[in-house]
Each structure stands twice: as C-alpha cells, then as structure tokens.
C-alpha cells in the first residue's frame, strides 16, 4: 500500500519530519511517500497561505495518481484543498485535522486544540463546525509560535506547546488534546509524556485512517458530488489542467 | 494485538458471522476474539433490548480485561453501553455505528443509513446528533426486516436491503450508504456490488479504527469523565461488580 | 393516581427521602410509591453506574405494571433507561433531569445546573443536547461531593451546594438553578432560601409533570418507536424477560 | 389557585370554549378565569395580528395582577407577548405552544404539528427553534382553515383537521401530534379518537403546567432578564402604563 | 427614494439624533424621514417595552404607506415588530440589529456586541439565534447604562461604552464590534476612533441595506407567510385596524 | 468609488455580462471594473475548479490593490477564496453567495436556491451552514445545466431555470429564490417576471453591499484573523507572492 503524505508547504525539512512521523506508525506493508509541492508557501498560517497551498496539494495528488497511490494525506491542519483533492482520485484523501478530530472523539468526550498562531484558530473553528465536531471541542488554543519556529527553534517551541497543553489540561475539563499543526508530528511523544493526557496528532492519525480505508476497499465515492470534475479548458499558468489532463 | 469483538446479543451464529467478517479485514498481527454475553436478548431492536444488552457488553469488557485485550468493538448499531464500557478499561472501545459514521464522512459528503426495522431509526438519529454527524446523513431508511431474519432468512433479507439501498442511491443525493446493523457484516461485498456505491459497514470499520488507535498508543482517556468508576457497593444480581471487582 | 418514583440506586435512605420529597408536592389524589431496585449500585456517578442501574429501572417499571401504576418517575439526574422504560408501559415515564429542564425554561430564559461530581457533568451535557435545551443552560457546575455524602455528610454537602449555587448566581447571568441530583430533593427549600433564586429540583418537578400527563389522558405513545418491544428470548440472568413476560 | 387563561383574540365564543376546555382538566382547587382583551383582533393568523394581540395579553395580565392571580396562560399558539407578560408578574406565565411542545416530548420521540393556516407555520417554526424543539418536530402541517372557521364552521373544520392528522400519522414517522391553535381545545377528544395517536393540545397542557409550577412554588424569576421592567413614561394610548402603574 | 426611519420609542431627541445619523450616510437621492410613534415608551429596555413599541412601529409603517415610502427602518436593537411590519407593506423593512449583524459578518469572522443594559442581552441572544448569527458572535456585553443616559448623560455614557468596547477588543478574540442600541448612532465615529476596531452601527447599516434593496427592486415578499394579513375586525383601541383599513 | 467585480473563471463573455449586470445597479458614483484572471478554468463546477480559481481571485485582488480599489466582489456562487482575499486588502470583499443569502433573509422568511449542476449543491450547503443561513433555506435545487450553457445555449438554459424556479415556488413553501450562479446575473429580470417571486441574484446584491460598506467606512477588519498574512517566501510558480510582494 502506497500512501502519499503531502506536506502542503514547501519546507523540505518539515516534509521529511512529517514523513518520518508517518513512517513510524505505518503498518508493515505501507510505503510512506512524503512529498511537498515545488510551488507554494514555506509555511501555512493564514487563509491566504491555504488558498495558494491548495494548488500544490492538487499537483501532488496528480503526481501521486501517476504512481498508483493508494491513499493521500494532507498534512496541514487546515485540510487545504481537501474536497478538491478528493474529486480527482478514487483513492481516499484524509486531512490531518479531520483525522485528529475523529480519533479524539473515540477516546474522550471533549478535547481542546493547541495550535501555533492565534490567527489560525478560526480555521480550526470553521472545520469543527463543518465536520460536526464543534460541541466536542472545548477550546481552540494557540501557543503563539510561527510554524517555522517548529523547525528553527524547536526547543523553545516545544516548551511553549507543552505549557499551553498543561493549561488546557488544568482549565478546559477535557480528556484529550489535539495538536493543531502538521509540524508538531515529531513532538507527540514528548508532549504526551510531559502533559499526561492522550495527545492526538493528525499526521499519524491520518496514516492509520488511510490504511483503514484502503484495507476495507473504501475509496472516495465517485457517485455524486465528489465525482471527477467535468473536463474543461484552463488557461495561463493552469493550462496544464485542461481537459482533465 | 487482541481485539475483542463483542456482539451484544446472544445469538451465537451472529457472533460467529461478525467474528469472521472482522477477521477478514484484520491486520496480520491482529487476533479477533468474537464473543457475546451469556445473558441478554437474542437480538436488539429497541431501547429496551439495548438497555439490557449494555450489561452484557460490560461483562464482556470485564472478561476481556482479564485477557489483556488491546481494544474492544461493540457490534450493535446502537452502540449500547459505549461510554460505560470506556470507563472500565484503558483500551479503546469502538461502537460500530460511530465507526461507520466516521469512515463514511471521509469518502463522501453525505450518506444515508439502511437499517433493519423502522423503529430503530430513532436510535440512529440520536447517535447522529450526539456524535455530530446529523448534517452528514440525508436519511435513515429501514428495510423492515427483523434482525434475526438476517440469520434465518438470509436471501430474502439481502434482497430487501439491496432494494432499499438502491432507493437510497436513486433518491437521496448521497455518495455512500451506511449499513445499520452488525448482522449485515457478512453482506457488505454483495450489497456493494449490487448497489454500485461505497457501502460502509460498522464491524469492519471498527476493526480498523481499533487497530489504528492501538497502533498510535491511544487508549480511552483516564483523565476526566471517562476515568474508572469510583468503586462502590452493588447489590443483588450485580453484587459481583462491587468495589471495582 | 399511583405514581411510582423509582430511585435507580439501591440506597434505601435516599429512596425514602426522595419519596418524601415527592409526597410533599403530590396532589391530594396522588399516591406516591417510592421504590428502588434490589439489584444495582448504591449510587450513580458514572456511565457505568448508569448502565447497570437501567436494568433496575426496568425491573421497577415491570413491577409497577403489575400494580396498575399510572406514571413513573426515574429519580436519577442522568435519566437512566428512560426510553427503555417508556417502551414497556402505556403510562408516562418522566426523568428528573428532563423534568427540571422543562420547568426551568418556563420561569427563566437561562439556567445553570449544580450537580454532585464534575465527572457527571458530561451526562448532563449530553442530555441537554439531546433534549434540545443546550442553549438554555449557561453552565454545568459541580459541588464536587460524592452522591452518598448527601446521605452521610448532609450539612457539609448542603454548604458546598449552596456555595456553588451562589457562585452560579453571581457569575452565570441566569434566572434559575437546576439541582443536578435526585439526592438533593429534600434540600430544595433550604437552598432556595439561601440562594435567593428559583431552584428547580427534578423529583418534585417530575411528580407534577406525571400528574399533568395522567390528568390529560396522555401516556407514552405506542405508535412507532416507543411501542412495546418485540417479544423475544433472553438468556442467562435476563431469561425472566423472555417473550415479553 | 386562580389561573387566568387569556385568549389573546377578542372572540368571546372562543374564550368561553377555551375556558371550558381548561376547566375540564383543572385540578379541584384550581379556579379557571377565562378572559380576552377588549382591544385586539378577532383572530390571530399573522405576525401582525400577534403583535397587536400582545398588548391585549399585557393588559389581561395587568388585570390579573389586581385579582391575585396565581398563574397565567396565553391561549394562542404563537405565544404572543410571552416574555413581556413574564416580566410584569411574579406568577408563572405559560404559552400554549411551549406547553404542548414540552408535553409532546415526554410521550413521543418525534411529533408533528397540525395548525390552521399554512402562513402561520413559520411562527411555529420560529418557536420550535427558539425553545429548542426543532429536532423533535418532523413537520408543521396546516389544515388550511381560518381560525374563525373553528367557531362558525366547526364540523367541516374538524373533518379537515382529522384528515391532516391522519396524513401526519401515515407519512411523518411520529408518535404524537400537537394541535396548533387554541381554538381546537374542545376538539382534542374527537381528534384523538379518530386519529388513534396521542394528541397534545396546548390549552389543557398549559393548565397542568401552570398548576405544576404553582404547586412547586416556582414563579417567573425576578433575578435577571425577566425582572419587572424599569418604570418609565409611556405616552399616547399607552400612557396608562407609565411608571409601572 | 424615501426611507422612513422609525424610532420605536417616543423620545423625540433620540429620533432626531437617529435621523441625523441616517441622513449622514444616506445616498444623494435618499430622503430620510425620521419619526417616532405618538404612543409608546420613552425608551425600550425590556420585552415589555418591546411589545408595546411594536404597536407604534406598526402605526408608523401604516403612516408611511400613505406617503409612498420606499423602505422602512426599525431603529431599536431588538427589531421589535419586524415581521409584523413586513406583512403590511411591499416595501423592505430592516431592523437595525439584523442590519448590523449582516454587515459585521462581511468584514470580520467574529464580533461582539456592546449594548446598554445587561438585561437586554437576552434579546440580542434570541435574535442572533433566530437570524443564524449565533456562532459569529463571541459575546454580548453591556455598558450598564440606561438608554436615556445616552441623551441626558452623554459624556459619561460614551466613556462607559468605549471602556466596554476596549475590554471586548482585548478579551474576545474578535474583528469587529456591533453597537447594541439605536441611541448610539451618533457615537459611532468617536467610538471607532477610540477603540481602533471596525464599529458596526445598526441605523447607518440599515439605511444602506434599505437603499440596496430598493435599488435592486427587492421588496418584502408577498408570496407566502409575509403576505398582507387577512383583513378582519379589531376591537377597542385597535378598531382602527379593522378590515385592513 | 471603484468596485472590482472579479469573475473567478476565465470566460471573458461571462465577465462582460457580469460587469454589465453590476453596472446596471451601481450607484452613480460607482465605477464597476469587471475582470477575470488570466489563469484558471473557463467555468467553475466543482471543488477542484474552485480551488484553482481561488488563485485567480487572489491575483485579481492584488491587481486591484494597485489601482486603489474600494471594494471587491467575487462573482462565483461558491465564494472561492473569500477569506484569503479579505486578508490581503483593507477594502471589503463580498462573495455573491453570501450577498444573495443576506438580502434574501431581509425580504422573506425562507428561500430556495436554484443553481446550475446538482453536483455543486454541496458547495451551497456548506456555505449556508458556515454563514448561518442553513435554516433559512428550504432546498437547494439544480436546473442541471452546465455553467457555460448560460453563454452558449442561453434560451434553453433560461427555460430550465425558470422551470426549476416554478417548481420551487409551487413545492417549497418559500418567499424568495436565490439564483445560484454568477452567470445568471443578466437573467434576473426575466426570471423574476416569469416566476412571480422575488429573485435574489448575487452579483447585483454584492454591488449594493459593497457600496454600503464603503459608504459606511467599513472595510475588512485588520484586527485579528483577517489581518494581512505574515510575509514569507513562496516558491515556484508562486514566487511572485514572496514576502508580501
């Protein structure tokens, strides 16, 4: 089983880290292919960054289709381009935010989210509402660290995330914490140990959900509104998408 | 990894069938232990049957705890006793209704449910609302077959389920169908082929979710409201539960 | 009119207290029969306790059916076994949580709940959501007293409940408080006087709702999903339930 | 106990009928005082009629306050002026729509409403949403009869209501029907017999809820947003309301 | 285009102020006619005041209909009588609460409300829920100033409003503030400058929405439930409304 | 006032048509600049098309910023890239779906949507839920015409839209219809005349809302989560976005 873990930003170090985290939990027969788009932002911290990165997600899914990919994972907590990606493949496509939410509800009655920057909290709020998990989440919290600090300033970032998780544990009346950034995938064990609460991380959660769907023979439904897009002309820098190429 | 698949009713034939369906999708290292309570109803088709069967579920989880069980599955579509079961183990406990709902939302934007008897529809409606999936489900449908007809009258039951699924496909503007009874676990492939739509079945879905959680080291949170019950005295036929025995 | 007030736990002292509280508000023609199951937990403070106590509730309703009971009250704030109980009788069955919620909305726009242990708050939250009262309730609070402290340590328990109620009054922007445990039924007057806010207590509320329904000739609907369960075989310790016996 | 049943329209025949229906279900010690405003519409079939009738409701509550009234009932299905009425008395005030909704949820899992004119359906929809009962109601139906036809053309009106109730029973997957007009209060028994389903009627429901609250010593909360209005000057035709007169 | 801005209370000074605020933002071709009822309360601070003021609103719309009015604005934050007013005209009718909510969602993802007295907060909460904006509003706050202090004690009132807005800015994680009283219409610029956040004020918002609808040829739908009320008899002080006069 | 109406697809004929429709309702001082991206799909009929078109939207807003644009309109019914666009400007940005929903709720209590292809219905459903209008919309309908048929096959397309609108009028219990595609902007008058119901069209609605916000001095909040994106590096085909260029 080949699972393509797409880091929607272009920071190769983060892609590598995410790929390693995914590989650590993958089943024996699962081959993790971690990739990131050549085009896009170095980190995703706004709706603007998300909108741009969705194109990269699409390109990476298209690339994956040429390689007989069995499942896709979108490793950014805003799940950018999720429904678009689903439309262009029969394989399952899993966002790491949804993956974390699903699993968190299986082991706790209520959870909180600890994300990077406060301004991205609204993205999590919108996803919670759209997916149906709003009432399972007590609070969206931010450690107020830029995403790339997870790469460049790891020790400090880890401290701040743990501090915020401990505040969530003390104040939020929760059973679990969801980590709100793909770049935290390698920190799960450390955070979990320091906080003493189940920590649900999206990349690893998504790997298992992807394996689950493939094992069950379940792919993205091609009946109805996730069917392949109608072929049509694209112009300019998107001409390469014309007619379902 | 040992997964105990608990059929909350006492019909051994159904337990066997459910166990086989679970085993067919289990990962190589997963050992499926299918069991049912010695005490309880032969089928579950009402809130009354559910309430009684929850005791059996609890007993089976307690039995499982003596055998170092890694995860539990409750193989009745009403998820009877789910939160109670979670309280008495550190292992994950997955209901087949929630399992099916979770996976269905990953491969379609909207689904319908096809269950056995119309009177159990309200159980599904309550679960959809509580879990947060109400707006993902277009319609709860019933094939109007008693649960045990799945055992005793299989061919006819299958026909009626397929007919109802085809109506759902034609009328409900959906991308997937959730099967609303653990007793349909062995029919998934046939239904799927006949209907031409992704069919999400809860027993098999739950096996993969259980394996996923175990692989990630995630068990039921013991912080907060799913912690072990406070030990206390039980009397009469439940004396064996006293003081957390 | 005979109203059976079922204390779902087995603590006879609490049953007596609840029965007295019920009798104090009962109409002249109403006969209050307070009972508790012979089998079950001494107190209900978890989903686990609730699941077990639901069997006792069912047995007590069955016992009541032999005595021409006109209405049933389930005197535990989690309303355990409520829908199951409704299925096995034509009489109305009222849970004390729902009763308190209904009446609280008639005299205030928003209320808070003060319950015993924090871990049971989730039970109240789930009921509020399922019944439709989530937006009427500002906050679920706990006095952090075990249920049996209401029996054994009454003065201290009362103090802590009053303290929590006063905090609710000061902080929650509410018009009324709902007491979140059947064991508080005898404290309503004292709490009300100390707090200076309408205090809605479920046992007494349920008595009046039960009388109301009986007076109107309204019983549990036997059309549709609350109809009597289909008769069937039960095995083991539940064999006595076989075939609708 | 004195209960003032306020018919918000000015049709004396309907007031009388409503008063009789209320008296038939009142407890021995309850004195039903049926009244209607001198000023207002002969029937209430629109938001416009409702807005005007709210003034009459207020006047009738003010009149009741001079007569030591213990509880008020607003006998129009839109519950016009309900919160305003609550502000000017310590007594409980019950609307017949809310009363019917509350009791219907105690005896069924889902109900439908059968009202008079289709155009008033939106009023019921808004109340269902505001009160929290939207998900308990399957459908709002109209017999398409003007309110006063219930007075002037009773036999035909009854036929049409029964027909619509039978359609609801056949099509809506419900356990009970709520009658959507105070003017149907005298028809409950006939409709119930013809339809074979529990029929919840608001006037009679409200009488019992009012008696319930009074018996429990629960009145409208004067803490917070239902407190008496701040005294102030009113001018013109409302000068008589000045300074809390 | 003639826009009638109806101040639902009878304080002429406030009417004038509201009219001026409306005129300042009106388009060149728009004629603002500010009026208030002759009958009604001097300020609106409760459901009671609202219910009475709705009659004045209706009278003012009726007066407007004689003068070929193109649109109506109800300049009280509870939108009193809104649906009733819509029924009696083909022109659009805009409440200032809804107007402010609509525009606030176009420039921010989340907003808070700062109103006058805490007791009116529930009115805003009900409107948010009914209109669908509940999840866009973080918090309803009150400066705890009586409405007429905005007239008589302007400087102090302004200070308290600004203070509360600054608290909202600091604590509520919002992008904009909605002012919760028509009497604040002249303070928008000062508040905006002092707070440094977009301040959405309802009177001015409603003027632009009214102009928008008129320019698009969109008036209140007369198809369905906002159609003109059925003509009928009114008695007493409302006789003048008889038969659609 | 300069309003840039961005057609997110690349079909120049549709851009022109949309621009003309916008100009017809624009205020005298408003300059409508209709544009479309050079890169992107010729029509938008899927999540995939939407994701790609969001880039074009962003480019067009960036272009508009160089020309001192006062407000932006996104003329595709899925509001693609809406929040991203808001982040990169102080000017207001209005999507035509939200614009139509807002205005439809001001003139009716319930509306239906008539869109092009059934598969895009889910996009409307998601927007209704996210914006808060789900309970105002009775039904999302499709005329089942590809978007470009509005250009190439206008007469037939118009017929099918009118037919679907008439079905909505007859069956949906609504007061207004929202047209679900920017490409219908020029058909509003014809549809309105043929259907006899208020028809709310998003492009024209958005023009008036944009003018409204500008007149009130309200732009996208730069406090909090719609603030300008943090400058950062973009690579590949998006390098031109680096560092907030």
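Each chain carries a letter (A, B, C, D, E and F) given by its place in the written order, and its residues are counted from 1.
Here is the rule we go by: contacts are C-beta pairs under 8 Å (C-beta built on N, C-alpha and C of every residue); 3 or more make two chains touch, one makes a residue touch a chain.
Just so you know, these numbers come straight off a predicted model, no measurement behind them.
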{"item": "Chain whose mean Cα position lies farthest from chain F", "value": "C"}
{"item": "Comparison of A-F and A-E (more C-beta pairs in contact)", "value": "A-F"}
{"item": "Between chain C and chain F, centroid-to-centroid distance (C-alpha), Å", "value": "52"}
{"item": "Separation of chain C from chain D, taking each centre as the mean of its C-alpha atoms, in whole Å", "value": "28"}
{"item": "Distance between the centres, which are taken as Cα means, of chain D and chain B, whole angstrom", "value": "44"}
{"item": "Touching two or more other chains - residue numbers and ranges from chain B", "value": "83, 86, 109-110, 118, 121-122, 129, 134-135, 173, 224-225"}
{"item": "Touch-based graph of the chains, sorted into line, ring, star, complete or other", "value": "other"}
{"item": "Touching residues (chain side chain F, partner chain E) in the complex", "value": "25, 27-28, 83, 86, 92, 94, 98, 102-103, 105-110, 131-136, 169, 173-176, 192, 196-198, 200, 204-205, 208-209, 211-213, 215-221, 223-226"}
{"item": "Residue numbers on chain F that touch chain A, as the complex places them", "value": "10, 37-43, 45-52, 54-55, 57-58, 81, 83-84, 86-88, 118-122, 126, 129-130, 146, 224-225, 227, 229-230, 232-239, 241"}
{"item": "Residues of chain E touching chain A in the complex", "value": "109-110, 135, 173"}
{"item": "Residue ranges of chain C in contact with chain A within the complex", "value": "118, 121-122, 129, 134"}
